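Each of the next two complexes has chain A plus one other chain: chain B in the first, chain C in the second.
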Partner chain A sequence: MPMKGRFPILRTLEYLQKGEVVFKKSVKIMTVNYNTHGDLSEGARKFVFFNIPQIQYKNPWVQIMMFKNMTPSPFLRFYLDDGEQVLVDVEGKDHKEITNHVKTILGKSDKVLEAEALAKMELSNPANFGPKKYFLRECISEVEGQVPHPGFVPLPKEMTGKYKAKLAANSDE
Partner chain B sequence: MEGGTRELQNINGMSTRQASVHAKWIIGQVIGTKMKKTAKVRVTRLVLDPYLLKYYNKRKTYFAHDPLEQCTVGDVVLLKALPEKRSKHVNHELSEIVYKVGQVVDPLTGKRVAGKHYLEPLTESTEDTELSLTEKLEQLNITASTPPSTS
Partner chain C sequence: MLRALSRCHAPVVRLLSPRTAVMVETVRGRKSRTEPKAKSKAGRIKTPPPVDPVEMIVLKERYTEYNLILRALRLEFKEQMLRKKYEEEVGSVAEERAKREAEEHRSLMALNDAENLRIHKIREQRMLKEAEAAELKKREAAILRQQELEDYIKEKERQILQLQEEAKDFITPDNLDQRIEEALDNPKNYNFAIDKEGRVVKRTAFQQ
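And then the complex of A and B:
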């Protein structure tokens, strides 16, 4: 992946996956109004440049729209599912402050995210065996230290069924 | 296989098609109002380019029902999904006009705005607005000086 541009790190999957803001289910649309010049919009511009890709990556079903130079002061506007609108003034704020504020008001909290991750992990238990598509291993013989399939490596004579049967027959006599 | 619509059995025994529109609420810009009571709205969504890993705007046009024909081309509009399809292409209706073109209202102050400056003054003017211009002139007491008499 060529690293071209001013901040090529913004175009890495690792950066996108590090996004902290995961919106609650009721948030449908996010609108950012900001200005291209002016010190007061500086935080908003940085927010759009650095954090919007992370937010969109973590929330693929939220529509995000940017409006430039429409109003003198920058703000964010969220449209929720029940028709409610949330207005956030970002004039003069730093982009980190904006992300933290948005995370506290409309993002899922860390506890909820951890619980969801845990639930996802519980669904896929690595101790289970099955088809390669869903599980890690298909048979116990794939594990190192366990008896391999006789098709690949012939079993030692003592473990074969016919030897054991002969031994049982000899001992019965 | 049809995607997006399901056939349900109604109580009366007739099956109704329940329109499960993907987008419940969307925001877009009006691009056409030539149809009767319908607005053509362009909605842009950010889509990640798989190779460049950069987000670009992807456009899609929706048709929205606008019973009062209050949209003009260029308005930014909030659409709500209708419970059932109004016609073959119209699945949404106009919920509210967010920014009317030429008459944008700043939501923080409530004043009309054009780009980076306010059209309406932010603070109420402290001058007495009841006095008209003529009354103000009278107050100044300007009298024409008499011309010198010609000898």
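And then the complex of A and C:
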């Protein structure tokens, strides 16, 4: 299947996962008003084209709507869950500036994100054993360097129980 | 390993035989119900390990004490964890967190408002400039139109004057006879050649 579109890289998982903006829990709706022509909306257009996919990937429960050619100057509007509306003017700004600004005012900070990632890591301890679906290993015999399962590789004679029992019996006699 | 343990139905024999009888049952294991016992195990009588009653009493007391302490510790830790979790979600910690977050949110909104104001000012200036430019253009266009109108009028006047000039030489019924006489008296010679610049180059002689 050939690549689709002008910038197929925008459809790769790697690009989407690189998105920086993770909204706070209170942000529910994001609205972008911009124009399809004109110098002032250039930054907004680039923002919509390059950064909106990343934002939506990182915030799947936020509704994002785009309105074209309804405004003399471009802006963003966020609707929070307590009814507050946040207006962000983006006239003449670059798409990177817009992302940074949005991240500063309504995104979770790096510290918070790290703490959340740490908390998530704590849930799954790699030292635990169990079904392959949830844990890394099921049995210690799966680890390299340990005694393998006798079902796959027969144990050396000296370690088997019957040999040891025979030895014990012989030594008793 | 885990799978083998999960298949084992019978309870494992306790270390010290508990209150009443032995709780050992036949473990199914590898064979099905219909298969006979192995020949090597034909005359085997399974006896549980011998138990010393005095030792058993002592051990039992110690174990009950030990279990009591351990259970108390475990429940203590569990309660601690639950309390921490509760505090985090509902209690004082959560309130402080909410207050802090509200503060941060207000400051960030103030930041956003400042930014909006800045852009608003820039936009106002731009609008002013554009308005001025438009005003200038309009005035210039008006002047141009005025100019054109005047030029047009001047041109028309010039043409009228020229026509008046030429009207003096018109042939009217009054001076018709006079003009005829003049024309007959002064014959004109149209036999001449001109070069590309329009100058007369050659004149041939007049022949009636």
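Everything that follows uses one rule, which is that the second predicted complex is superposed on the first by the 163 of 173 C-alpha atoms of A that agree within 3 Å, B and C clash if a C-alpha of one lies under 4 Å from a C-alpha of the other, contacts with A are read in each partner's own complex, and residues count from 1 in each chain.
Going forward, a contact is a pair of C-beta atoms (placed from the backbone, for glycine too) under 8 Å apart; a residue touches a chain by one contact, two chains touch by 3 or more.
Quantities reported herein were computed from a predicted structural model and do not represent experimental measurements.
**Q** After the alignment on chain A, I want to confirm one thing: do chain B and chain C clash, or do they fit together?
**A** fit
**Q** Taking the superposition as given, does A:Ile105 touch the first partner, chain B, the second, chain C, both, or neither?
**A** second
**Q** Is A:Ile52 contacted by the first partner chain B, the second partner chain C, both or neither?
**A** first
**Q** I'd like to know which partner A:Pro150 touches here: chain B for first, chain C for second, both or neither.
**A** Touch status of A:Pro150: no partner.
**Q** When the two structures are overlaid on chain A, which partner does A:Leu87 contact: first (chain B), second (chain C), both, or neither?
**A** both
**Q** On the superposed three-chain arrangement, identify whether chain B or chain C touches more chain A residues.
**A** Residues of chain A touched, chain B against chain C: more for B.
**Q** Between chain B (first) and chain C (second), which, if any, makes contact with A:Thr12: first, second, both or neither?
**A** A:Thr12: touches chain B, not chain C.
**Q** A:Ser73 contacts which: chain B (first), chain C (second), both, neither?
**A** So A:Ser73 meets both chain B and chain C here.
**Q** After the superposition, what is the least C-alpha distance between chain B and chain C in whole angstrom?
**A** Checking C-alpha atoms only, chain B sits 8 Å from chain C at its nearest point.
**Q** Name the residues of chain A shared by its contacts with chain B and its contacts with chain C.
**A** Dual-contact residues (chain A): 73, 87, 89.
**Q** Can you name the residues of chain C that touch chain A in the complex?
**A** Those in contact with chain A are residues 1-2, 108-109, 111-112, 115-116, 119-120, 122-123.
**Q** Quick one: in the complex, what on chain A touches chain B?
**A** 1, 11-13, 16, 28-29, 31, 35, 38, 52-53, 56-57, 63-65, 67, 69-73, 75, 77, 79, 81, 83, 87, 89
**Q** For chain A, which residues are in contact with chain C within the complex?
**A** 73, 86-89, 91-93, 101, 104-106, 129-130, 138-139
**Q** Which bits of chain B are touching chain A when the two form their complex?
**A** Within the complex, chain B contacts chain A at residues 23-27, 43-46, 48, 52-55, 76, 78, 80, 95, 98-99, 104, 106-108, 113, 115-118.
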